[in-house]
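You will see subunit A twice below: alongside subunit B first, and alongside subunit C after that.
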Partner chain A sequence: MIIFVDGQEIEVKQGENVLEACLNAGLDLPYFCWHPAMGSIGSCRQCALVQYQNPEDTRGRIVMGCMTQVTDGARFSLNAQNATEFREAVVESLMLNHPHDCPVCAEGGECHLQDMTVMVGHRDRRYTGKKNTHRNQYLGPLIQHEMNRCITCYRCERYYRDYAGGSDLGAQASRDHVYFGRHQEGVLESEFSGNLVEVCPTGVFTDKPFLKHYSRKWDLQSAPSICSGCGVGCNISPGERYGKLKRVHNRYNHEVNGYFLCDRGRFGSGYINSDQRLDYSGLKGAGLKSADATFAAVHQSQAIETAAGWLQGKKVLGIGSPRASLESNYLLRELVGRSNFSSGFSDAEAAVVRSIINIQKTTVATNPTIKQMESADAILILGEDITNTAPRVALALRQALRNKSFELAEQLGLPEWQDAAVRNLAQDQLSPMVIVSAMDSRLDDVASQLISLSPAAIADFSCAVTASLQGQESDDKRVQQVANMLSAAKRPLIISGSSMLSANIVDSAACLAEALQAHKQAAQEVMLSFCVPEANSMGLGLLVNEDKRPLRLSRLAKKIDTVDAVLILENDLERRLSQSELDLIFSGKTRVISMDLLENNTLARSDLVLPVASYAESQGTLVNAESRAQRHYPVFEPAAERLCSWQWLLQLAAVMEHKKLAGIAHFDQIVEACSKSQPIFADLTAVAPDHSFRDRGLKVPRQTHRYSGRTAINADVSVHEPPQPTDCETPLAYSMEGLNRDQPASLIPYVWSPGWNSNQSLQKFQAEVNGPLKGALKHSGAGQRLIKSTQQGLEYKLKVTHPRMQKGRWQLLPMHRVHGSEELSAYTDEIAELAAQAFVALGETVAEKLGVAEGEMVVVSTADQEISLQVKVLSRVAKNCVGFSVGYDKTKSLRAGDSVALRRDKSWQPPQVIATDRGVASNGC
Partner chain B sequence: MSDQEIIESDLNTVLSSEEIAEIDAELAHVPYKSGAAIDALKIVQAQRGWVSDQSLQAIAKYLEMSAEELEGIATFYNLIYRRPVGDKVILFCDSVSCWLCGCEDIKQKISERLGVDYGETTADNRYTLIPVPCLGACDRAPVMMVGDDLHTHLDKQQIEKLFADSKQSDKGGQ
Partner chain C sequence: MLSQLRSIWEILKHSVSKLDTVQYPEQKPYLAPRYRGRIVLTRDPDGEERCVACNLCAAVCPVDCIALQKDTREDGTWYPEFFRINFSRCIMCGMCEEACPTYAIQLTPDFEMCEYDRQNMVYEKENLLINGVGKYPDYNFYRVSGMQTAFKDKGQAQNEAEPIDTKSLLP
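Moving on, here comes the complex of A and B:
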């Protein structure tokens, strides 16, 4: 199909709108309210162009590009005088009330409104009257509100409410008083609020932590990176200046995160600048073993020599980490030897990750990308609160629920991008989604059915549905309903995960998917997906998957006395082992060497600590939940004496004259060696171009070509301009010059294109609107899937184990929190503020029985400890279950499945509010 | 009136049984609870004179909407009052027909007589003056409504007569 734009013939796709067609053709048609992920509502009138009836028509009429569907042979003009005048007038009218505050606006330099203003040629203001002003609201620690800059495009409300399912932000008032905010000031509730920063085309919603140490986009040094917040593996673009990580922006990957991140990913990297980072190696005085003995700072070389002395020729164990890169874990395993390497997973984690990997290796069901999940027309969630365990996936599921409305729209011939019309048509009709979980989840509001069961009962339920698909009747009506929902669907999605640490649930989900696929034959696609605990759980899991007798962490603790030293890679063992197991490791005579980023008790109890670089200062490969290996690159050089973990390990190997690692000196050599070590890693070398990558002889620069002050940046220290760091490990350069367009997809540090300074320049990098990046087509795609299923299916003989609960005791289940449960991000001030206090979550009846209300305290006692926790009252919960905020400092020692007794904390007193607190309580601005 | 006073003057945070009965009657006609939002706001406003934050939250809860969603509706319509108003609201038309017929002088007269400008309430709390764009009575311009009564062909004497028993404020608003 073709259309003509200013006489030029353009190939277009049936069903798309003229704005999309123009952008796909590389034409600069200005727009505001249209968003590639949210479609059109035609509210801003910016994308006006002229449409002609036929070749004879010379006058034409103004139409909105984003609201006009392409038809074969249609004629348009972008450059007709009435079109350009119209578009300029739109900007002029927006400018009536827009303040003249670009110099102090955080959006400046990457503002879509600035770009469009220049693009339409509006320069001089004629309006001399007063401008409307608004009061701003306090919206919490993440988002700054500056309402005067609003151009009423409605993107924020459409994103926050329609797309992300938030309820506490909306449009208010009418005409020139329109206001976007909350009913009353307060913290935005959505876990995805941060995307407002990128969705708003002006500076109304900006990144609040970034404002505290602000730099312009053009002054940031960036690198392509991968979020280490969870197992989803969203692609991010972190920006640095003055040695500080300033902010994190979304980096488009059409199969993973698309245009959006969760707030943990966007705001949870503040720990990188934390005072609690280790700067130097620390060595405890000889023979000192206690936790409070002080460390003496030692030089890198001394640290390495000491460590090598403790390791060389000795019996050594290594403990890996699911938050460290595949390369670091691989090196550690090679250094200590396969049988001396423990993954560093807790035993329960190890079992469930193993199950997930084995399923992915054999399942007949499809292991979907996030993009594919959006196409599901019926969803069954087993045991996960996805919004808190794999946040970005929850956002995709909310879109999948709209497939019902797209079906209805299709019947009327309404294109999906006609957003207002499609929503109006469907009202609140959604595709079906059943959530089977122990307690409240953050997707409950859009579920068609909620079923509250304990973990073992969830597995039983899923088996019952399986049996029902195989023709076995069940007495439980709900079983039949779920079976019916799944078999009626064209693209059913079953999604489960590791958060309950129950391999039973995971296996039962796989059985169900197999049965469903068998039931549906090949014609329909059954999708089966899992959430995993951490950024590289899958990479680590794959590394040890073929071990016949993997060294479990608990066993390692028991045999610690038989070895001379243990080397711990980025792992706070307190989160995984019991106090008595920790005592075994730390109180014997075994030397403990720990590599990590931030202070924790594992480090405090070690004999030698080595400071490591964060994800933003290092290069590494992380494997996400779908087994996609993706690479992150250093944004800036690690400060002080920090090194990447793999660099520490390589240096150690060199001093120790380790035979197997002798030939390895560079990152790419580790990748190469690792890819040859196991067939599953064969594609590792194809994840991204190696350090030798050049295009037209150029590397990819991390700095923008407008990067300012390079020669003066350190003038307060020395007026001599230091040389730029050289980077021989990656295809990137610490430079302003180089390949700043047509980069391979995995090497785009930031997006910019002439005339498009804002993130909307992304469309210049996409092959088409919402499509893959051009650089993914030309070079390798966006990461590599490591697991390719044999599709043989597993023979499951599932035996669900039921915990025996004594009377008066409850089964303790982990509740994950976007803010607070993840180890590293919790060191970020803003995240810590949102995480608030650790809690125990009770059903209403239990709370009543204990005589406690929300916010009061309850003592939770396990076999060997008592912890007083704040009460949270649940709206639904399975029998005999209570939840606890997992991963918080205070609850580090609690374990999923613990059997606990509860009682009201009698010593607790309600906090005294003094009169002066009242006035300031809500006014944090 | 300061914010503090507004909050304290309206402690009515739950819907009365009469209000609930009336809202329930509206709910019978709509497919979604939120469909009765405008009517519910009008019902509560009829009872309480205006819609405070607390009232709004109570309605939102009853209709299973978020306060933000209802706020969007409440503030969209300028005849839903989100601040306290006087016993009677003067809806003064300042649109084109009335303007051609000299409504600006009348407005000034009212402001002088009552000591209030647009958006303000008289000190004795009897009147609140609000502009409206066209009351649909252009043929009798200039016009205004005081409470439920339409006053047409306005002139200064009429204003004087209408507000004769109102104390002249010393503020003499412009």
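Moving on, here comes the complex of A and C:
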């Protein structure tokens, strides 16, 4: 199909709109309200062009590009005088009330409104009347509000409510009084509020933590990176200046995160600048422990020599980490010997991850990308609160629920991008989604059915559905309903995960998927997906998956006496072992060498602490939940004595004269060695180009071509400018020289294109709107899937184990929180503020029985400890279950599945209210 | 022939004209206020630092000799936490002055900046900031900008209407 734009023939796709067609053809048609992920509503009138009836028509009529579907042979003009005048007039009117703010606006320099204003050529203000003004709102620690700058494109409202399912932000008032905010000031509730920063084309919503130490986009040094917040593996683009990580922006990957991140990913990297980062100033807990248990600073070489002395020729164990890169884990494993390497997973985590990997290796079901999940037409969630354990996936599930409306639209011949029309048509009809979980989840509001069961009962339930699909009747009506829903669907999605640390649930989900696939024709795809605990859980799991007798962490603690030293890689053992097991490890008889980046008790009890670089200062490969290996690159060089953990390990190997690692000195060599070590890692070298990659003879620049202050940044230290740091490990350069264009998708540090300074310049990097990046088509794609299923299916002999609960005791279940449950991001001030207090979550009846209300304290007692926790009251919960905020400092020692007793904390007093700004309720109203 | 005679005449004329060369440094030449010499940071008419740390001067500087970091005052207004110019690199092109939206950065008719030690050519904010408005006596950016500041509420900037009450039902 072709259309003509200003006489130029353009190849277009059936069903797209003219705006998309123009952008795909590389034409600059300005727009505001259209968003590639959210479609068109035609409200801003910016994308106007002229459409002609036929070749003879010379007048034509103005149409909106985003609202006009392409038809074969249609004729348009972008440059016709009435079109350009119209577009200029639109910007002029949008700017009537715009404040004189650009110099003090955090959007400036990457502002879509600035770009479009320049593009249409509007320059002089003619309107002399008064400008409308608005009061701002406090929206929490993450988002800054400056309402004066709004151009009423409605993108924020459409994103926040329609796309992300939030309910506490929207449009208010009418005509030129329209206001976008909350009904009253307060913290934005959505876990995805940060995307407002990128969705809003102006400076109304900006990144608050970034604003505190703001730099312009052109001054940021960026590198392609991978979020280390959870197992989803969203692609991110962190920016640095003056040695500080300033902000994290989304990096498009059409198969993973698309245009959006969760707030943990966007705002959770503040720990990198934290005061609690280890370095050698002695106070910061790194270095060599002296007799009085304080740490003394030691030079890198001295540290290495000391460590080598403890390790050389000795019996050494190694503990890996699911938050360290695959390369670091691999090196440690080779260094200590495979049988002396423990993954560093807790025993329960190890079992679940092993199950997930074995399933992915054999399942007949499809292991979907996030993009594929959006196409599901029926969803069954087993035991996960996805919004808190794999946040970005939850956002995708919300889109999948709209497939019902797309079906209805198709019947009417409505294209999907006709957003307002499609939503109007469907009203609140959604595709079916059943959540089977122990308690409240953040997707409950859009579920078609909620079933509250304990973990063992969830596995049973899933087995019952399996049996029902295989023709066995069940007396449970719900089983039948779920079975019907799944068998009626064309693309059902079953999604489960590790958060309950129950291999039973995971296995039962796999059984169900197998049965469902057998039940269907081959053309109908059953999708089966799992959430995993940490950024590299899968990589670490794959590393030890072939081991016949993997060294479990608890067993390692028991046999610690038999070895001379233990090397711990980026792992706070307090989160995984009991106090008695920790005492074994730190008994003093065995030397403990730890590598980590932030203060914790494991480090405080170690003999030698080596400070390591964060994800933003190092490169490494992380394997996400769908087994996609992706590489992150250093954004800036680590300061002080910090080194990447793989560098520490290589140095250790060198001084220890380790034979197997003798030939390895560079990162690429580790990748190479690792890829050869097991067939599953064969594709590791194809994840991203190696350090020798050059684009037109140059490395890819981390800095923009406008990067400022080069001759002044370090001038306070010395006026003699140091050379730029060289980077011989990666294909990127600490430089502004080179081209940021057409390189492999894994090497795009930031997006920018002439005339397009904002993140909307992304379309210049995409092969087509919403399609893959140009660089992904030409080069290795967007990461490498490591697991390719044999599709043989597994023979499951599932035996669900039921915990025996005594009377008066409850089963303790972990509740993950976007803010607070992840170890590193919790060190970020804003995240810590949102995480608030650790809590225990009770059903209403339990709370009533104990005589406590929300916010009061309850003592949770396990076999060997008592912890007083704040009460949170749940709206639904399975019998005999209580939840606790997992991963918080205070609840570190609680374990999933613990059987606990509860009682009201009598010593707790309500805090005295000195003053309140809340209205005082009088006479019972 | 005629043109050669004319050239000789022109040259001879110079032997009796007034000298352009002055006995510097005893005698100082007149330099217009718009002369492009040593850079200063000025204050607004109310005595506050004018620079809002927008980074435009740094971006436009062809030799990249300006570095600064934005910080925020208690009332939310922006100012530079540090502001550094490396004069050993500066070519006095005046582009920063042209880019500056607040008239904060200005070039002055002082060019006598010799130092024995190159390091002394690096000026920090305390070396750059003067106690006056420089060439532009009237302008205060924050009186025009829509940002709320300690001295003005929303709606009190130039040409602004009172803030809208979104709960009002009046047309």
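The criterion applied here is as follows: the second predicted complex is superposed on the first by the 902 of 925 C-alpha atoms of A that agree within 3 Å, B and C clash if a C-alpha of one lies under 4 Å from a C-alpha of the other, contacts with A are read in each partner's own complex, and residues count from 1 in each chain.
Heads up, the rule we're going with is that contacts are C-beta pairs under 8 Å (C-beta built on N, C-alpha and C of every residue); 3 or more make two chains touch, one makes a residue touch a chain.
All values reported here derive from a predicted model rather than from experimental measurement.
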item: Superposed model, subunit A: greater residue contact from subunit B or subunit C; value: C
item: First (subunit B), second (subunit C), both or neither touched by A:Asp428; value: first
item: First, second, both or neither for A:His100, with subunit B first and subunit C second; value: second
item: First, second, both or neither for A:Lys548, with subunit B first and subunit C second; value: neither
item: Touched partner set for A:Arg182, first subunit B, second subunit C, both or neither; value: first
item: Which superposed partner A:Glu146 touches (first subunit B, second subunit C, both, neither); value: second
item: Which of subunit B and subunit C A:Gly170 touches, first, second, both or neither; value: first
item: Intersection of the subunit A residues that touch subunit B with those that touch subunit C; value: 172-173, 179
item: Touch list for subunit B against partner subunit A, complex; value: 31-32, 53, 56-57, 66-72, 75-78
item: Of subunit A, residues touching subunit C in the complex; value: 99-104, 108-109, 128-136, 146, 148-149, 172-173, 177, 179, 211-216, 218-219, 242, 706-713, 715-716, 718-720
item: Subunit B-touching residues of subunit A, taken from the complex the two chains share; value: 167-174, 179, 182-184, 427-428
item: Residues of subunit C touching subunit A in the complex; value: 52-56, 58-59, 61, 63-72, 77-78, 84-86, 88-89, 101-102, 118-119, 121-122, 124, 141, 144-148, 154-155, 157, 159-164, 166-168
